[in-house]
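In what comes next, chain A is part of two complexes: it sits with chain B in the first one and with chain C in the second one.
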Partner chain A sequence: MKKMVFILTIILFFNFAISTAAEDIELKDPWISQREQGNHGGTLITTLLGDPKTFNTLIAKETSSSEVIDGYIFEGLVGRNGITTEIESRLAKDWEISEDGKTYRFYLREGVKWNDGQEFTADDVIFTFDLISDKDIPTSARDGLIIDGEFPEYRKIDKYTVEFELAETFAPFLNSMTLMILPKHKLYEPWQKGNFNSTWGINTDPSEIVGTGPYKLADYRNGERIVMEKNEHYWRQDSEGKTLPYIDRWVRIIVGSQETDTLLFERGETHTLGVRGIDYNRLKQQSARSDYSIIDGGPSFSTNFLVFNMNPRNPNLEKQPWKYEWFTNLNFRRAVAYSMDKETMINQALAGQGSKQWSPISAPNQVFLNEAVKKYPYNLEKAREELKKGGFSWDDNGRLIDQDGRKVEFNILTNAGNETRETLLNIIATELRELGMKINSNPIDFNRLISHMESDWDYDSVLIGLTGGVEPHAGANVWPSHGHLHMWNPVQEEAATEWEARIDELFKKGVSTVETEERVKYYNEFQEIVAEQLPVIYTVTPNNIYAVRDQLKNTETTAYGGVLWNIYELYLEN
Partner chain B sequence: MKTYILRRILIVIPLLLVISMLSFFIMQLSPGNYLDQMRMNPDISRELIESMEEDFGLNEGIMTQYFAWLGQTLQGNLGESFSYRVPVTQIIGSRLFNTLILSLSAMVFAWVIAIPIAIYSATHRYNILDNLFSVLAFIGLSIPNFFFALLLLFLIVRYNIPLPVSGMTSVMHDFMTPREQILDILRHLIVPTIVLGSAGTATIMRQMRGQMLDVINSDYIRTARAKGLKESTVINKHAFRNAINPMITMFGLQLSSLFSGAALTEIVTGWPGLGNLMLTAVRSKDLYLAMAGLMMGSLMLVIGNLIADLLLAVNDPRIHYN
Partner chain C sequence: MKQIKSITKQTKENILKSNNLLWKRKWKIFKKNKFALSAALLIILLYILAIFAPFFAPYSPNRNFRNKFFHPPTRIQIRDEAGFRSPYIYKTEVKGWADYEINREKKYPLRFFTRGDEYQLFGLINTDLHLFQVEGDIPIFLLGSDNYGRDLFTRILYGARVSLFIGFGAIIITTFFGLIIGGISGYYGGWIDNLVMRIVEVIMSIPSFYLLLALAAVLPVEISSGFRFFLIISILAFQGWAGMARVIRGMVLSVKEKEYVAAAKAMGARDKRIIAKHILPATTTYVIIRATIAIPGYIIMESGLSFIGLGIQEPSASWGNMLTAAQNITKISDFPWLLLPGFFIFLTVLSYNILGDGLRDALDPKHK
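Coming up: the complex of A and B.
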């Protein structure tokens, strides 16, 4: 009997010791909100346009997954500010970059906890990079980290310090460090067993999904909603020292269509809405006597551009070799650029809510955007002049002919079902017909379009778009001549033209220094070259417009971050 | 009867096999595959796409892929979804149940409304109500479901009708008592049921009305009336029983659409059913997920037909199966 008591005492003691040990982890470096002190509590309701496909952030490829988890449930060592787009601290409170730009040392916030109460340490960071470097895990995170074919070396210095050593100076490395850190204590076992790729699928018990972000998953009903609850252990605090976020629960309703999304907002059932161009005027009028405001975040990262096939390997050239001559003729491309009626495009395709795009860097990218690039304002007279300079002329019926008297006729493809692009295509075709060209506009299935562009190389021209980002090197698959998305002439062994060679060089130089000012210079020149040479001809980009209930406070809405980028310091007024 | 059922079930096997081949090859013959969406993403390298292609077996020949799939399926493994990376059965399960609820409720709605109206119309031919029902039926037939759904939703918002606009359960669902939970789901069912049921109502109504008219004008009804039977007995017992036969066949066909016919309505009303999932799967070429959906639809069609044939025998003693 005595023995029992003794054992019990020991057990109790150990339990006590263990529980106090967990309590002992003290957050050494909280982040303190500078915004207005709000009240805690409440439920935020927003919408999602699609179901997540997985909660495993490394495997996730679609935005429908990443917009649920990245930044909200998981966080990176660093992240980007929602307003300035600059890199700022997250799980790492600070970092040092060596003189030669090859060694990065990150100092982690001490005492940060995963949302299940376990402490976050350097081991988790090392574990995450073990995962990323594992070739059996299909993750695009690895691509961003491989420099000259080598994965950087990484090591733990102590419990709160990690160090990376790169083979070469590589400026976008810090951008790659925004990738999400995963918990070793939850994922080590599945990884060892070889089923990491199917771990954290959509049917996982929500409490299994552990991150450091402001929210944790509480419930997911397939096709209906995701419910997230405040992470009680979060490392951000309000000015009174209480743990953020303010809002206790966050419900994200999965709506099937944008129409339903808008209706839900108008009924007052949700707090925010991404406004479509066609709803803008109506909602704007209503907002004056309603409890919400409309905020124009400015141009978004999405692009729409026209690209001509300048690939000498185009199989159609056997029959029509002259097309190569036309499309590689700079005057021809300039004429097309001058005939882009961007005002009409904005009014008709984007319901008035868009911006003109001139540079390959998207407008919200305040650090790298070069506003001084050559612009081609709508002017058919100038377009005709350019055509004349390029050796084109017109026959008696006003049809455009080239030097050898051939009528200028070509196809423009775009992906069917994308209303904006179909409208843009119509406007472009109308203007080019005005110049005497014969245009066959042809919206086709997306998959067919991709095979024309990616593997068959047999198209004339395509109206398509790519989504940009803040780091210009993200275009490394597009702009350098060896890139597989170098659409006009992909995967070249050696740059076909001088200006392409220069862009190759600029992209190499752009990563070879960590000084932002110097990088800006290289990327400015790159933007000038693209605007000068017009391998792609930009059209218009939609603006990101949001409707936000006045009840939701502390918001500062931008095209880059949306409404919710600082969700941890938003609060609901009673 | 038993041998008949057995024979029918045996015929199903080669039928499903052919259907599976057709669906698989048609889907594979259209250009591109699941990975195409990623090819236009500047963040994803070619090497990664190639390794995924290998992983999914998409680099194999179509025949190899088909037989690999068939072999798996026969062992009860429907394969893994490309986009979800989990077995398709896991994804389909809950969705299937939701679609079933909606389709059943729409079907009940359609039949319960259509049959009495049809009998009324047939017995009161060309009076005002009959004409009104005809007009409504034509509207119901011609209006596209998604548009009707949007229209209803718009009216709900415009006139602040206390009905939910989207989804199957409300946000507070998990905190309700079981009784409230059922009521909650019923409230959410109203709009999609009306939308989905309306087209069915119209078809059934017109069909049934025509059938009734044929029967009412036939000799044996005249005989029944001549015998001095009450009019209600003539209509309900004699005319109705005879007119309903072709409707049972229709019912069997409708059974098969239980799992497949509601995609657009589901999308607009945010109903978490199978239709939406399948549409995305087919469009993004998530091969095995789409195949599972198609095969399930086919299976239902076959079973629906069988049930209809059996019901026919039950209703009409003149029909025998040997």
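Coming up: the complex of A and C.
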């Protein structure tokens, strides 16, 4: 009998669910594609290098998870355009910023539905920010929103309007609003029960994972593939008024290595490929007589740089206090900067497909990049001059010694398995040996490397990289002296040097105005200081090159957005 | 007394003579096996090349011609319009990325016994004599160049020093410990035997490649490549001696019951002498054969370790870490010479196996 009741309630519940879904919610603010009208249907096949660890976008830490869901299953109030990188509307059709830059009001698109048919409203937005401000949820989104130690106030004005009030003017706030919005009707209960952190793990039934994005999860097999299907309720439409996206199914094969990725593409089994420099020439030649094109998106946002340990708390300094003297010696760092043979690095480590980097802002960031920073073109003579100025000299065997006659010897670490970095390391070490230094270069396990840098502070120097973005304030954990990723001397209570103090100040000023022109001024100065003081010495950055099958139409490939940034507009030609 | 002494002297000579005869006969059998003989010659040749690598190689192993990366093997020309002449090469110009064009305007003759990069032979003799080089500082890449523009031929020779001697070094240590520990264990028996054999079992049941990985991963950063080389030998030997000791012990167990051992005991010879002079020589055949068969295993293990980046580190060369450069389809299809270190590993391992086979045929007393 009990069973009967249970089944009955389930049936009732389902009826109820269906009836609410069926209740007509009219999409009042659709977005209409300006591109060529395509044909609907087909299956897109791409690859992923690794498995996602979770489908819960708030607690996803690794790109292998976020690249599966963000922007495809979930969307933010606003997002960045894949070409111009400017902020444009997503779930919010419009927004207003008050004069003092402290109040943000977002007007949501009316009639947008979650992919299970429920309506998306201001309650979902409020719910998402309830989650983010919950200290029991380990999410990095919270740090980006806390301004002067305070989480912004947020409130629902009506069903389609939300408002945020900030304690201080904070320019990157709009950038933070790109974070993904989650459905209240699915996640409120788990959150109340305290299970939010384990909800939507990789074993969840795909139909449970509900977002507003162009695709929804249909199937996931660990180590094999992720299958996604078109969201029938999506709010973007083609010029004929039909719901986008054009492509019905999207299979993402998990390949595990770039080598397999390349092979699959060459065999014609996938539609797009991120081309490595080494394969560029070969694929370029092939593309002439094959059904795909190679597109060079220009320099990417990834960086590779050398950083010296300038941390007085380095435990190794007890035995070798002179290393602190060397690494904090600006002439020494300049000499190292002059010995970076970036031409050879591009040729040998990036197979000719790369660009030199001089500034902490990545080259594709046209708004904030300062091209006039001090540059250190490859010149060993100048390097030797700098060393002499810094009090170094050479012994009879040509070995570099400091003013106390100690031989200059140190380690450079990098993470094993990254072929580009290992090659860069080799080139750098060769040049520095040319200057008479003794270099022990060694690729080690990535996690060991990170613990040396972040917790042990006992390294000499490290060759590593960070991935930048459009918003310079994203570097707030790196550049200000209290940052956890302020690698050369992390988590300082008070800035150790004048120039670090100045950078702290510039980062504060940079967010205190919403006027881009003014912000550019502050970040320009910041770039000049970094290039002048060389806390990190930049090397080269690979170009983003893509191979795209000609069958895939409406693509406009860029370094920022890749091929799939406008996946909702892409279609497959028959 | 004097007489006895002279008699023993004579018997000694007789024994030596018959011993020599025995070895001569074995050598004769071995010589007939042309296959094994050529393998032996090839191995000797490789070792000579490795030992005198700095002389045979035109450059020092870290000399990089930074514009000439992935340069294909240089064609050595021996004839021109006028017919045959002394060997010469053409210069190449950089055309594009890893794309080179031969410039036929000028001929650059090869010069033999020239002065070039300085080196130290056996850590003693300072010299700069090289077998060959090209006039006018034009790089010659007999086997092509790698992605840093370093001469592959040079690095293969230098890499041979690591790859060939690592097996050699490991087998010497293995044999030394295997013989002593196996000999003692077999000869004394009892609780010593019991203890040693249990230890051997424990060591043999450690998964060796994982042990290698673990040990190689904890090696500190600062150690020189020479010391790293030594450590890898020790690691390889550490897990190698156990199997050896076990077999030796078995052989000793049977040999020690032989009459001549009993005779030696009766004459009051000391244990040490009996083990060293009477028992262990009986295992010579086994040791030689085992060594030739085990060496290729060590060579492959070193290559494996270096290949995954835990063995010999750049910029030092070993065949294994050179092969790491050829892990990509483009590289294999466009720059196939990068696979040559693998070919050398193949050649060496094959030669050792053929040699081991030939030696077993020759040395095995049951074999006619």
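What we mean here is this: the second predicted complex is superposed on the first by the 550 of 574 C-alpha atoms of A that agree within 3 Å, B and C clash if a C-alpha of one lies under 4 Å from a C-alpha of the other, contacts with A are read in each partner's own complex, and residues count from 1 in each chain.
By definition in this document, contacts are C-beta pairs under 8 Å (C-beta built on N, C-alpha and C of every residue); 3 or more make two chains touch, one makes a residue touch a chain.
No experiment lies behind these values; they were computed from the predicted model shown.
Trainee: If chain A is used to align the two complexes, do chain B and chain C fit next to each other or clash?
Mentor: Here chain B and chain C can both sit on chain A without a clash.
Trainee: What's your read, chain B or chain C touching more residues of chain A?
Mentor: The partner making contact with more of chain A's residues is B.
Trainee: Taking the superposition as given, does A:A383 touch the first partner, chain B, the second, chain C, both, or neither?
Mentor: Neither chain B nor chain C is touched by A:A383.
Trainee: Please indicate which partner A:K61 is in contact with in the superposed arrangement: first for chain B, second for chain C, both, or neither.
Mentor: The first partner, chain B, only.
Trainee: Give one of first, second, both or neither to describe whether A:A474 is in contact with chain B, with chain C, with both, or with none.
Mentor: first
Trainee: With the two complexes superposed on chain A, say which partner A:E259 touches: chain B (first), chain C (second), both, or neither.
Mentor: In the superposition, A:E259 touches chain B and chain C alike.
Trainee: Kindly classify A:L572 by the partners it touches after superposition: chain B alone (first), chain C alone (second), both, or neither?
Mentor: Neither partner.
Trainee: Identify the partner contact of A:G352: answer first if only chain B is touched, second if only chain C is, both if each is, neither if none is.
Mentor: The answer is second: A:G352 touches chain C but not chain B.
Trainee: With both complexes superposed on chain A, which partner does A:D219 reach: first (chain B), second (chain C), both or neither?
Mentor: first
Trainee: Please indicate which partner A:N440 is in contact with in the superposed arrangement: first for chain B, second for chain C, both, or neither.
Mentor: The second partner, chain C, only.
Trainee: With both structures superposed on the shared chain, find the angle between the C-alpha centres of chain B and chain C as seen from the C-alpha centre of chain A, to the nearest 10 degrees.
Mentor: That angle rounds to 40 degrees.
Trainee: Nearest approach of chain B to chain C by C-alpha atoms in the superposition, in Å, rounded to an integer.
Mentor: Result, nearest C-alpha distance in the overlay: 8 Å.
Trainee: Pick out the shared contact residues on chain A: the ones touching chain B in one complex and chain C in the other.
Mentor: Looking at chain A, the two contact sets intersect at 259, 263, 445.
Trainee: Note which residues of chain A are touching chain B in the complex, please.
Mentor: Contacts found on chain A: 43, 45, 50, 53-54, 56, 59, 61-62, 135, 138-140, 142-144, 197-198, 201-203, 219, 221-225, 251, 253-257, 259-260, 263-264, 266-267, 269, 445-448, 450-451, 454, 464, 466-467, 469, 474-478, 484-485.
Trainee: Spell out the residues on chain C that touch chain A in their complex, using ranges where they run on.
Mentor: Its residues touching chain A are 62, 64, 66, 69, 96-98, 147-149, 217, 221-222, 309, 313-315, 327-331, 333-334.
Trainee: Would you mind writing out the residues of chain A in touch with chain C in their complex?
Mentor: 259, 262-263, 278-279, 281-282, 341, 344, 347-348, 351-352, 411, 413, 416-417, 422-423, 426-427, 429-430, 440-445
Trainee: Enumerate the contact residues on chain B facing chain A in the complex.
Mentor: 30-33, 36-48, 51-52, 55, 80, 83-86, 90-91, 94-95, 98, 150, 153-154, 156-157, 165-169, 171, 174, 266-273, 276-277, 280, 285
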